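Below is one structure, written out as structure tokens; the observations come after it.
Chain IDs A, B, C, D and E follow the sequence of writing; residue 1 opens each chain.
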């Protein structure tokens, strides 16, 4: 029993899960049961996959020891470039692939510049945050093109079936999350990612091509952000140049709440998802509790801090439990 | 000669200075000589002290190994609370001191929560970013209170003399910068700050009260941000609740451009100032060069990246120069 | 030797509204052969950045400066400096709320935030059900930012008056932080509507209620059950107006706000004519106007 | 009998899932030099870290000169006169040798409440001296510790400990990475402690070194003390056989 | 004569402001075990780092089996059959022992272009074996390396090198932190290299260890090679006198 509790609490993402349940319970009561109502859950499940995909990308990148502040801008750039390409008569599939390719190139540039000149990725991607946002505006000429109405939204954002709880985007999200989790924990590449972030010099000295590993993670992160942007635009039906602003800090917050270490080496995909869920729940729960506009951010701030403090506290408790774990 | 070049290039802040001179020259030409005109320099010198003070605080905190994302919000909160306090009839000096005390308390909370629960300061101060901003709005009720017209702006933001190039805020800034630089490099406390950020465990094992050192740095950072906000509000004449948004990333960028390491332990006050100057010069120079609005961010992004790349490159060059530096 | 003009806004480039202003501005400048520059901020709504840009613009000595004066005091000194050095300064889009008294600018081209908010609420109130309780929701998209707070203030002002007038009816007014992001706004207002399905109307201080309309559609709620209204004619909103989800939208004719001041400056320079205030329209747009506007809006003319 | 300078009573320490110290009792008298030996992972460093305030025991007591103390931080331990060299180098790599030597004990030109201007000239001069004392040859006191070779770093750590002599000196494998010459210096230094009335705890895996310099041999295994005899009463072979 | 397995020609290396290697020439023949000794800061680790691809020489050449090679990364060096244990532990502290042992050489269940599913069962089993081979007792292959004692970590590093035997094994002070038993294992292992036809470079400050296990002694001082003789033709005292 004690041993199970310990093993459980030891994993920050599971501690996060416990916290999530507590929050759900509190808000469920505060919102008179609306929080977990079918309609509300259905609403939350619209935005969740998009945010979670970004958080997953950022988490993987953070595990390998780097940062990406440009995700919010890439989130806007990908659907915008797709829309522009579509409007010039290219078929949908090709346009999506081109859009994702652009994201991959941006990720590559982020990684290449960071590693080639050994500058902090904080700066490279801060620069890219501006550059990609600017490009989004430039290619749209300021006015977002309207999307054709015959896009295959059934594949991306429609409800799985009439009246279903989930949209197709949820299916994509689950699929990608499972793949990403498998990549991180079952494959040798995942091992390299962790090693690179855990101790870069050691990983390099054991023969891991750390630069290439990092560049791949940068690209993965950008592509996931772009894909998430695509989902959002298809769901809402319009590629505004301003979407995704401020997403970078939120994604990092989700990752950290889910137990990812800012210094790298530690983190899980599941944690990123829990982190996103927590953030979305807090946001949603506060709206349902009719918090005044001026106090809204206050509550967000306090609850975010609280989530991480509670997580850290559970970890500390677990370390105090005296069981010889391995014998 | 070679030796001097090496010593020179070895210091990232001096490399930044070289870069600054190059940029000044380029923009001076591109703006047809407006950049360095009396009028323009005078304008730039209004905003510079405010930004630089924030950057100095953030730099000191980063040297001791922590982050502060809440500076932008504190920047707004301090003058707003001062205005509210003033409006309730308290004299100016007391109101300013109370405002700064509030900042110090916020810094203390940032530090205390971070260290007590051993959570990343990224999260604590991200939470505080929201909390302080919300409080600013709450106390202002959404609409800024008017400032009395008899405030001693001559002490803070008026031009030193009629037609002078600098405002009083520049004098404050120079004074504070000198003090901060002395604190960092000449006093034992500065030594502790560097040691704490350079290798926390080692510093602790050598008997440095690392927690206290960090908390003091958090408080210093908040107070400087609040004071900078005060300067801005006195200059603009109205305590807007929205000032300082986005300042956190800019301050970190200034610090990093000026050679401060994101991981802590390395950095100088002079570097922070150079970094701020670079950012302000880029911004101002681009406005004067009449860059199209939609491409503006693009240029900012590219030049920010470029500044850090150039810095890193100069450092690399310096390391290639083969002189036995110490014998 | 053409005119040299700088236009300082408090907004950032990703704001579609300002892209329309830019288009009008650029078009007008092309027509009169002026050399023009629009200077936006990096952070949406940043007054300090706008003032710094204004100062830089003055240093390069243009003939005319257009500026959105989103604060009553912050711009005063700098504008005075500009006027003193012989630059024509016009307030565009937003004016000092004390008008000409509060500021040295020569004229104002645009429409005030508070007034616009007031007229939005007034127009929407026509659509309120004639009896029964009213549940009104005001979304402050960016608490603390002048444009959002003042528009919301205008809306609130009318709603409070309405409430006082109809003392017999049960009227509740709620203000929430509705974020400046299509998805977040949709999410938050969608959640609110779940918890409060009897909500009568939602007022946005921007165009983000387009996302809310989408949510209503997804939920199969018929148009008009929840009244939606907000500001600025972006294509997304027009689409939703066509579908019937958005009943009222305030248009301040941004193209005109970009175009007219250039003309005024041109006349001032070439003919010595004094610029005068231009009200760019009470601009209440209802679904019946949409077909004519839609084409224009796509080109950024509305 | 004299009061022991250090006395540990029933010390227990758990790391997450590892019982690192099991009821450790140890008495060290003033002027003694104790050699602490034991297999890898026996718990030697853990014991040291508790004595120097880096970790805190889960139960049990530490007494210094007969009084119960609660060592919550290395600062506490230093205040009680315990100076430690850790097994893993604890110098700040981004700072110069001179600054590292004096971290936390900077000589001040003038000060208010303990804060003030450092006497940098004195720091450089004294650090040159301290390093020469351990027979280390370094290019300059301004070189960064992060740019030193493994042995040079260890040498700086030793120099620091020797410079700030304390009542009790704890050395956790100090001769790792050190060249022959410097190792001899360290052993000479440990031997000399007694003459100065100081107490020492010397951890090493090199039995020759321990037997050359210590009065008493204490051996640990699996978190417990399993052997404790004066050096004169035992032999390298006996200890070897035990481990 | 046989082609040397490693040949260094006029290697020079500067660190910012430090001339760490000055014209180093060294020939190592297949099957030789070379003991590399020298004062702290002599340049031993620097030489090793160049051979293992961590640093790159500023001038000079490295030849492996007669062919000039350009070692740009540790991966390159490993591809040429050079396996290294560094003076400072190079394990990833946030990962388990089993994963650390196999980093970069994970056994795969199936793979495409070298990427694929790790065979975690095999990794655990083999790492238990590898660790037992160096006489180390660890609680579980799933323990994090960051939670091990100094000697335990070094033991894992040794286990890794012994497990992935290579043409040339370079050991930079491998016995630091190790207990007597394990040290003996390592020395036995170095001695055994010859029988398996492998080449070794063994750096240590402990002359006994070097003389016990190496065929040839090379000494460095201030960035240069100052002594190079077969073990049989010299003595500990001669080397001591020199350093």
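Rule of thumb we're sticking to: a contact is a pair of C-beta atoms (placed from the backbone, for glycine too) under 8 Å apart; a residue touches a chain by one contact, two chains touch by 3 or more.
For clarity, every value in this text was computed on a predicted model and none was experimentally measured.
A.B. asks: So which chains are sitting against chain A and chain D at once?
C.D. replies: B, E
A.B. asks: Name the chain whose C-alpha centroid is farthest from the C-alpha centroid of chain A.
C.D. replies: Farthest chain from chain A, going by C-alpha centroids: D.
A.B. asks: Comparing the two chain pairs, does A-E have more C-beta contacts than B-E, or is it the other way round?
C.D. replies: Pair with the higher count of C-beta contacts: A-E.
A.B. asks: Suppose chain centres are the mean of their C-alpha atoms. Which chain sits farthest from chain B?
C.D. replies: Chain E.
A.B. asks: Quick one: report the Å distance separating chain B from chain D, using the average Cα coordinate of each chain.
C.D. replies: Between these chains, centre-to-centre, one finds 42 Å.
A.B. asks: Taking each chain's centre as the mean position of its Cα atoms, how many Å separate chain A from chain B?
C.D. replies: Chain centres of chain A and chain B, defined by C-alpha means, are spaced 30 Å apart.
A.B. asks: Quick check: how many Å separate the C-alpha centres of chain C and chain D?
C.D. replies: Spacing between the chain centres: roughly 70 Å.
A.B. asks: When you check chain C against every other chain, which residues touch at least two of them?
C.D. replies: Correct list: 13, 22, 42, 140, 143.
A.B. asks: Show the residues in chain A shared as contacts by 2 or more other chains, in ascending order.
C.D. replies: Touching at least two other chains: 130, 133-134, 137, 142, 294, 296-297, 324, 326.
A.B. asks: Multi-chain contacts in chain D: which residues touch at least two other chains?
C.D. replies: Within chain D, the residues that touch at least two other chains are 16, 18, 139.
A.B. asks: Strictly by the criterion at the top, what is the full list of touching chain pairs?
C.D. replies: All chain pairs meeting the touch criterion are A-B, A-C, A-D, A-E, B-C, B-D, B-E, D-E.
A.B. asks: Quick one: which bits of chain C touch chain B in the complex? Just the residue numbers, please.
C.D. replies: So the residues of chain C touching chain B come out as 13, 22, 37-40, 42-43, 45-48, 51-53, 55-61, 71-74, 76-77, 140, 142-146, 149, 152-153.
A.B. asks: Quick check: in the complex, which residue numbers of chain C touch chain A?
C.D. replies: Per the touch definition, chain C meets chain A at residues 13-16, 19-20, 22-23, 42, 44, 139-140, 143, 174-178, 180-184, 186-188, 190-192, 194-195, 210-211, 214-215, 218-219, 234-236, 239, 298-300.
A.B. asks: Once bound in the complex, which stretches of chain E touch chain A?
C.D. replies: Within the complex, chain E contacts chain A at residues 52, 54, 73-75, 78, 84, 86, 89-95, 99-100, 102-106, 108, 111, 114-118, 120, 139-140, 142-143.
A.B. asks: For chain B, which residues are in contact with chain D within the complex?
C.D. replies: 186-189, 191-192, 194-195, 197-199, 201-209, 261, 265-266, 324, 326-327
A.B. asks: Given the complex with chain D, which residues does chain E contribute to the contact?
C.D. replies: 15-16, 18, 38-41, 45, 87-88, 136-139, 147-152, 155, 173, 176-183, 205-207, 240, 243
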